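These are the structures, in structure tokens.
Both complexes shown next keep chain A, but they swap its partner, so chain B is in the first and chain C is in the second.
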Partner chain A sequence: MHDAHASRAGETSVPLAASAVLVNKVGLHARPSVKLTQCAKGFAAKIELALAADGPWTDAKSPVKVMRVKAPQGATLHFRVAGPDGEAALAAMLALVHDGFGEA
Partner chain B sequence: MAEIHLTGRAASPGLAIGPVTVLTAAVAGRTASGDPAQETAALKAAIEGAAAEIVKLIGTLEGEVADILEFQVAMLEDDALAEGAYDAISAGISADHAWRSALDAEITGYRSADDEYFRARAADLVDIRDRVLARLSGADAAAKITGGSIVAGDDISPSTFLAADWTRGGAIALSAGSPSSHVAMLARARGAPMVVGLGPLSWIGPPPSLALVDGHAGIVVFDPEPETRRLFERRLAAANAAQAVADAGRLEPACTPDGRQIAVLLNVAAPEDLADLDPAICDGVGLVRTEFLFEASQGLPDEDTQYEVYRRILDWAKGRPVTIRTLDAGGDKPIAGLTVDGESNPFLGLRGIRLSLARPEVFRVQLRALSRAAVHGALKVMLPMIAVPSEFNRASAMLDAEVTALQAEGIACARPPLGIMVEVPAAALRAEDFRAAFYSIGSNDLTQYTMAAARDTGAVADLNDTGNPAVLALIARTVEAGRKRGVEVSLCGDAAADTRLTTALLATGLTTLSVSPIAVARLKAAIAKVGS
Partner chain C sequence: MNSSNARNVGIVIVSHSPKIAEGAADMVRQMVGNAVPLAWTGGDVDGGLGTNVAGILEAIETAWSPAGVAVLVDLGGAETNSEMAVEMLPEDRRARVVICNAPVVEGAVIAATESSGGSPLAAVKRSAEEFYA
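Right after this comes the complex of A and B.
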């Protein structure tokens, strides 16, 4: 479900981007927000998310800011990452969203 | 040291003796240091302390409640939450004000969300806000009341009251307060003696160590002389003996001296109220308040959660009738994410059935849960704050629709009889216009709306009197409407448990009274002596 046009830059300074659709029942609510931010904090890369490809961008490591996005079910989440472990971070974010945050 | 003898107003009957816990004003306010660095440090410590407190709480819980609390911890640990507050502090604002306005802005954001789920999260933010505020003001220490002690102070909040253990005795002595306050109602339900309006509680030197409280006469004695204490303890022993005799009569049916049988039902605020109670002490449950479900769930309780609770109460009643009131939020019972904030007069605003009809998506869930529970016993459902027949008709049609939908889904259900609370004078005056299956008089609201006197305002407490002829006339009128239409009429307010009013209430023709479990023995004894 994510865009294949993700930038394939070898250099760490160039941001990577991809998007995924929220499939879990109530959108990016409390539990998913906590899961997503906890996962994001495991990476050194700067990770941001948005409801549109051109932002506004939100720090994916802050549960307070992620909750402010109030992303509903069916929304497309755009990610933008930059940093040494950016590729792994982006893959982990997309996997979480595809997986519906592990909720039935 | 001479004893201090104070007379106030009786708010909850009973006698108690015990050590004194003084509620300090620290509960209400806090002195700001005026130094931004100190205020920043105070807020940081309060936030960290609040997070640690919740983490400790999580250890004792599991499942959904633990998840919700983990979310609160994640929010508290995120610096973004307090960013605005720290900015305000460096601009010279005190820590508590800065925190409150930052969180209120955040809460407003959640309340204005389109999505029901995000709106309901406002309750979490309110909880976070208040937990940190409590730590900032040092209320934590003041709120801890040792079981069995006499709590003295200006006033006491319902949450402080509820946080204390009243099973080991104890009592409340207040310089201000009202016998009609929410806390006084709670004290009567828990059997904690309470005296209010004692006037300034001032003493030179250390506060008194021991106090006697007479919740019948409205008298409090601090640091009693040995002789005063000896006489009081003798009265206490006699009262305990009399209570034992009344308790023995609790299982007997209530009957007046001239042979009228009176049904005595129970008021239940939470299912725990019924623990260890023998259903044989009552003729059924006259009022189950359902607000507790909404307060405890940190949002809106789902259908299954509600169904389980309703079913447990019906199981306990073993076939006796159980009347459950649909959500009565608003007025003095706000529920985050549901009731409207900032109404100029919440008691005349969107509360009770008005709120339920305005929020059909919430009301429907409750009607479905009630219809499913109805197959497990003699369930009756009543609607609060009804003023005009169209409100009853709309709710009745919604109930029909939910029963039909459940049947179509093949889910076991039954349509419970639907009745109304008579607490708005308009409904009392025209009770016969409603196609209700029963009338239940809510005497607390009926009194305050008839007398235009709030029940939590001490200065007008004298006017807030259910024994006033105008209120009794509205009760008699409702009883007469019920007799004409052949439907049952009961009374479930505080007045039912006030044995000084028993004669007047039974004179209106009422034959069913509903009281908190603690008052059953006292009421049955009063009915046996009525008019004599």
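Right after this comes the complex of A and C.
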């Protein structure tokens, strides 16, 4: 799951992508959405997520938009990240999802 | 990343019901954390359902931040009393308080989420108002 299809470039002009399965029971509901957007806002990189590898993409820094995705448990969350701190941002996003956002 | 930060935009919750205001504030604290100044007010001066300007002014004072304050209101009087409270603020503060056109509970959580990331007042307001977009 980690960096499943991460595309890497010398610089981070090419977006990085990876996916992870939502393990927490409630899926991407209110509380996890808040955590995800808070974490995303800590990075300069543009961070987007989607339920499919080809989108539609949602701005991971917008709590309202992230909640509207209504991703359920078991869904695969795809991330697309572009920016100077993109690698760290992507790692942080994947870690949050893998940890079930600190929930059971 | 965002430990208690008095420089983030403050959030004020104004409801006719003190229980709703307090409950919405609880949700903000639980879901978003302590990174934003937060205050709530509800009820009229006699303790009944309603809002009062003095209570709103006090809440704005409590949640004050140099980045400004976003106010979330429920119905009619909450909004007009909030507008009145804003008008009574010192002139230099007036421009840094906005009333959001957003549902009070959801708007408070989203506004606080936006603020906790260090976003400016306009972005906090915009994000809360996305609910009606």
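Operating definition for what follows: the second predicted complex is superposed on the first by the 102 of 104 C-alpha atoms of A that agree within 3 Å, B and C clash if a C-alpha of one lies under 4 Å from a C-alpha of the other, contacts with A are read in each partner's own complex, and residues count from 1 in each chain.
In this text, a contact is a pair of C-beta atoms (placed from the backbone, for glycine too) under 8 Å apart; a residue touches a chain by one contact, two chains touch by 3 or more.
Note that this is a predicted model, so its numbers are computed, not measured.
Peer 1: Quick check on the superposed pair: does A:A75 touch chain B, chain C, both, or neither? Answer first, second, both or neither.
Peer 2: neither
Peer 1: Using the touch definition from the top, say if A:A88 reaches chain B (first), chain C (second), both or neither.
Peer 2: Touch status of A:A88: no partner.
Peer 1: Is chain A touched at more residues by chain B or by chain C?
Peer 2: When the residues of chain A touched by each partner are counted, B comes out ahead.
Peer 1: Which partner does A:K65 reach: the first (chain B), the second (chain C), both, or neither?
Peer 2: Both: A:K65 reaches chain B and chain C.
Peer 1: Per the contact definition in the header, classify A:T37: touching chain B only (first), chain C only (second), both, or neither.
Peer 2: In the superposed model, A:T37 contacts both chain B and chain C.
Peer 1: Answer with first, second, both or neither: which of chain B and chain C does A:H29 touch in the superposed model?
Peer 2: A:H29 sits against chain B, while chain C stays out of touch.
Peer 1: Residues of chain A that sit at the chain B interface in one complex and at the chain C interface in the other, please.
Peer 2: Chain A residues touching both partners: 30-31, 34, 37-38, 62-65.
Peer 1: Would you tell me which residues of chain A are touching chain C in their complex?
Peer 2: For chain A paired with chain C, touching residues are 30-31, 34, 37-39, 41-42, 61-65.
Peer 1: Under the touch definition given earlier, write down the residues of chain B that touch chain A in their complex.
Peer 2: 67-68, 70-71, 74-75, 78-81, 106, 109, 113-115, 117-118, 121, 124
Peer 1: Across the complex, what residues on chain A touch chain B?
Peer 2: Those in contact with chain B are residues 26-27, 29-31, 33-34, 37-38, 59, 62-65, 67-68, 70, 72.
Peer 1: Which of the residues in chain C come into contact with chain A in the complex?
Peer 2: 1-2, 30-32, 109-110, 113-114, 116-119, 127, 130-131
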